[in-house]
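The following blocks contain the structures, represented as structure tokens.
First subunit A sits with subunit B, and in the next complex the same chain sits with subunit C.
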Partner chain A sequence: MVDRIDEAWIARGVRRAPFSRFLLWAAPWAALLLLGAYAIFLCLRDGLFHTNMDNRYVFGLWIFLDLTVIALGAGAFFTGFLLYVLRKTELKAVINSAVVIGLVCYSGAVLILAVDVGQPLRAWFTFYHPNVHSMLTEVTFCITCYLTVLLIEYVPVFLKNRRLKWKPSMLVFEYHLHKVMVVFALIGTLLSFFHQGSLGGLFGVLRGRPFAFREGLLIWPSTFFLFVLSAMAVGPSFVALTTGLAEKITGRRLVKNEVYQTLGRISGKLLLAYVFFKCLDTLLWINQTAPERGFPAHRFYEYGGAFGTWILFAEIALLGLVPALILLKPEWRARRGLLLGAAAMACLGVTLNRFVFTIQTLALPTMPFDRLLLYWPSWQEFAAFGFVVAYGMLVYSFSYRYLTLFPQERELAMTEARR
Partner chain B sequence: MFPWVYGFEWNAGYLIFLGVFFTVALVVAGTVLAALWRSFRTVRKKQEGRVYWHTAFEELTPEERRCRHAITGELPERCCDREFDCRGCRIHARLLYSDEAAAHAAGSGQAEACGVAVPLDRYYHRGHTWVREAEDGTLLVGLDDLGRRLLGADGTVETPPAGAELRVNEPAFVARRNGVEARILSPVDGTVLGPASDGEALVRVRPAEDFRTTHLLRGGEAVAWMRHELDRLQVALAASCGAASLADGGAVAEDLGRRLTAREFDTACGLAFLDV
Partner chain C sequence: MRKLGAENKTARYAMLIDLDRCNGCGACMVACAVENNVPPPQPSATPRTGLNWLRVFRLNTGGRDAFIPVMCMQCGDETPCQSVCPQKAVEFDPATGIVGQIPERCLGCRYCMAACPYQARVFNWWDPQWPAGMEQALNPRVSARQRGTVEKCNFCHGRWQAALEKAAQDGESGPVRYTPACAEACPAQAIRFGDLNDEEFAAECRDSGAFRLLESLGTGPKVFYRTSRAEVREATRGFGEVKRG
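Our next item is the complex of A and B:
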């Protein structure tokens, strides 16, 4: 009986695991979600003393997570831009998936920010008392607007569910909303561009923290542009990686190879551009910015361990240049394992970059009497982090099961059956 | 201006930042409202059927969108880009009078494809309905043999009431069997006069003034299409349900629906009636 009801919601012509197996898959994520919800409840009820952050270490695991998921979620705006504005029509095969990824990433980020900021009942203050000179205000406004845009972009995907399509009014609304999607793609691009930049700018303007401080153009430090470029570079990689993982987990082909090739090629080009500008920025920082602030750059890395020079090499060369070269060479890109490996490396690279700016920046001493400050998140911080991961997995899993995330799936299944 | 922003000042910072923000918010809200308004107008004009078929056609695979002239081999690999409405298609108009097309269209009596009857006295729609002109000038509309076998003895077809307007490629009937539902598209423009009495057709329809049959299949073309459909159905069932294929020379069972599992039946119904 349950299976019959479940099947009535699944699109025709595609295979899905039995409902019982799907529940088995969802159960651990649901458990993690509950644990995370409890941790979030504790933090909202009692305050941030449940975390290991303090007045010195104000950015911890959560902000690192925010910056990372927002960078990875850039695949949503950038894929939308490539499809609706630049007319890369082959990306139609992954746009729905990219929208879900974007929605999960941004809503997860907003949620965790709400816990971090606390006092959710006063969330509206940020709109009523905006400090227009603050990068954080720009981030708040852009992230709120873009989350709204992503929700609107998700509506047509949701309304295309098989049962919902039977309601003519819903189908008609989906159709008309889809027709104006280019407007949302453009707005999404504008918003995402600015807030990715503002997140980078947030660190670049920290004059008291020479490790993060950067020169720039007009009011924008170089980190503003580097954050935008890195997000654009890894966005397509993350879309390719999630699609590859979905194919692996479900055991089905979901998109044609040309889609992977397009995503890989675009990601490779942008990643190479990013590595180039990142090198320039780093050289400028080593030779000019940091010494002018009284800190020779090598001082930042003399603590070794987690914050040694290896981190700079890993970020730029190992997880930047290497994947860029793999993604750019057609013969290497044509091998699915290499392509997805390079995509994973690119995503790790941007994760490491956000780790450096969030965690390493705050760990390094800025005064002669300061010492290196080490921070390890509390279980509540890990659990809240787990909440976002579990929430993302569940939303994506349900969307994959009941919505059409990959329109080419049916065609590919038929092609395989014909063989 | 911006009276709701606490501490607002008339300086460039506030004007640029809040100006951009409120412009974005207005554009987003305006676009959603425009989509809502268009939806309201579409529903009021009763054009939901057209929208339904437009979106359903978009979801068909290239194989399912194959042009009728690709199925007959005249234009191999060609996909339809007119949502199976050949009435305005220039390529179809050009081919309609070719020798090859004439050879496909010719025929009378009864043909068959893997045991599925294809009477040649009628026109066929890609959604497995047929149209036949009655002597009194009205049209008889029914399910073709594959559609009939698929629904089987337990299946029912909900027909529109007398007076209902039918439009080509818009949902007209609803097929039901064991809780599975599928929309069936109308093959003609016209007004339903009531249920047909000949036992074969579903409804009798008064054709619209500009009624034409150029979008419908007939003769040898319909037989080629039926073979293609059986092949497509088998492949789709194998792809989505792992169902076994028809053996070479085998025939489609009379009560096909009963022999399929619920999931197979659901898939087959959706694919046959183009309700994916």
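Our next item is the complex of A and C:
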């Protein structure tokens, strides 16, 4: 009986696991969601002393991972831009999946931000009397507007559900919404561009923190542009990676190989450009920006260990240049394992970059008689972030099961059935 | 309370701390906490989560230890914490040169804390609590802060307001003179408070033995230090700053 009801919601022509197996898959994520909800409740009820953040580590695991998921979620805006504006029509096969990933990443980030601030009920102050000079104001405005755009972009994906399509009004609404989607893709691109950039600007403008401070172009520090470029570079990689993982987990082919190739090629080109500009920026910082502020750059790496020069090498060469070269060479890119491996490396590279700006900046002392401090998150911090991961997995899993995330899946299933 | 020269309509309050006199007794920290209604630390608080507006660092210089009190430096040039606050909870008062923190507006995002090179800002990780009866001794001129907000030294704003009121009653105008709690409490008289528009005080702040922390960052701090010991000056020098006199 339950299976029959469930089947009525699943799109025609595609196969899905039995409902009981789907529940087994969802149960651990639901348990993690509950644990995370409890941790969030503790932080909101009692205060942020439940975390291991302190007066030095004012940003911790949450902000670092927020920055990371937002960079990875850039696949949503950039795939939309490539499809609707640059007419890369083959990306139609992954746009729905990219929108769901973007929605999950951005809504998860907003949720964690609401827990991270000490007075979440005062969040509206930023809209009512904003400080226009603050990068955080730009972040707040853009993230809120772009989340709204993502919700609008999700509506047509949702309305394409087999049961909802029965209602003619839904179908008509979906049709008209689809016609104006190019407008939302453009708005989303603009908002996300500024949002990714202002997240980079958050650190680049810290003139009291020579490790993070960067020279600027007009009112924006170089990190503004580097964050945009790095997010654009890894966005398609993350879309390819999640699609590959979805294929592995479900055991089905979801998109044609050409889609992977397009995503990999675009990601590789942008990653190479990012590595080039990141090298220029680092050289400028080492030779000019940091010394001018009284801090020779080599002093930042004297502590070794977790914050040694290996970070710089890993971020730029190992997790930047290497995946870029793999993704750019057609023969290497053609091998799925290599392509997804390079995509994973690129994503790790951006994760490391966000770690450096969030955590390393705060770990390093500025005053000569102060010392390096380390920090390890509390279980509440891990659990609250687990909440976002579980929420993302559940939203994506339900969307995959009941909506059409990969329009090519049906065609590929039929081809395989014919064989 | 004496009115400064009539030609000066504004003040640039500053501190001059004599490190040769400071013996690290911590009286300034206690006086600061009492004056500004800083609650006693929670049992699980650590030095990293405490609410000290003023911290005294111990400098091990090889020989005799030195102590250096560090509080908000009231940066006057492109104040790093002011420009980053998304909801204008940090204000620079051009009439006094003091950087004010408005806890009622504070979102608790802690971006200002990340921006401060002196790590002079602290966050209320807990609800403020005083032992029974102790709340009767709170300073009525200073509002208690809520959990989830940032706070910092403001050169005893309550005392400045009291001084202003007194000056108004006496029919005086212009900048007023007052003494913050830390300067008043220091048994060694290591902390001096004054106005940089006062030429005598300004000259003392600029003498060859005086310096400021992290001057190379260009934030224009208004807390000056003085010592005759070269090794102490060396220990307080920024990583790559040019050697001082």
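Following the convention adopted for this analysis, the second predicted complex is superposed on the first by the 416 of 419 C-alpha atoms of A that agree within 3 Å, B and C clash if a C-alpha of one lies under 4 Å from a C-alpha of the other, contacts with A are read in each partner's own complex, and residues count from 1 in each chain.
Quick note on the criterion: a contact is a pair of C-beta atoms (placed from the backbone, for glycine too) under 8 Å apart; a residue touches a chain by one contact, two chains touch by 3 or more.
Please read all numbers here as calculations on a predicted model, not as lab measurements.
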Taking subunit A as the common reference for superposition, should the pair subunit B and subunit C be classed as clashing or as fitting? fit
Just subunit B (first), just subunit C (second), both, or neither: which does A:Gln261 touch? neither
Touching partner for A:Asp370 - first (subunit B), second (subunit C), both, neither: second
With both complexes overlaid on chain A, does A:Leu362 touch subunit B (first), subunit C (second), both or neither? second
First (subunit B), second (subunit C), both or neither touched by A:Val172: first
Which partner chains sit in contact with A:Thr148 here, subunit B, subunit C, both or neither? Use first/second/both/neither. first
Give the angle at the C-alpha centre of subunit A formed by the C-alpha centres of subunit B and subunit C in the superposed arrangement, rounded to the nearest 10 degrees. 150
Just checking: does A:Pro407 make contact with subunit B only, subunit C only, both, or neither of them? Give me first, second, both or neither. first
A:Arg209 in the overlay: touching subunit B, subunit C, both, or neither? Say first, second, both or neither. second
Contacts of A:His129 with subunit B and subunit C, given as first, second, both or neither: both
Which holds for A:Thr140: it touches subunit B only (first), subunit C only (second), both, or neither? second
Nearest CA pair across subunit B and subunit C in the overlay: distance in Å? 10
Set of subunit A residues, in rising order, touched by both subunit B and subunit C: 129-130, 133, 137
With touch defined as at the start, can you tell me which subunit A residues reach subunit B in the complex? 4, 7-8, 11-15, 127-130, 132-133, 137-138, 141, 145, 148-149, 152, 160, 165-166, 168-169, 171-177, 179-180, 183-184, 187, 190-191, 404, 407, 410-411, 413-414, 416-418
In the complex, the residues of subunit C that touch subunit A are 42, 44, 46, 48-50, 57, 59, 68, 70, 78, 80, 83-88, 105-111, 113-119, 121-127, 146-150, 213-219, 235-241
Any idea which subunit A residues touch subunit C in the complex? 47-49, 54-59, 116-119, 122-123, 125-126, 129-131, 133-137, 140, 202, 205-210, 291, 293-296, 299, 361-362, 366-370, 373
Residue positions on subunit B within touch of subunit A in the complex are 4-7, 13-14, 16-18, 21, 24-25, 27-28, 31-32, 34-36, 38-39, 42-43, 48, 51-52, 54-55, 59, 61-63, 179, 181, 235-236, 238-242, 262-263, 266-267, 270-271, 275-276
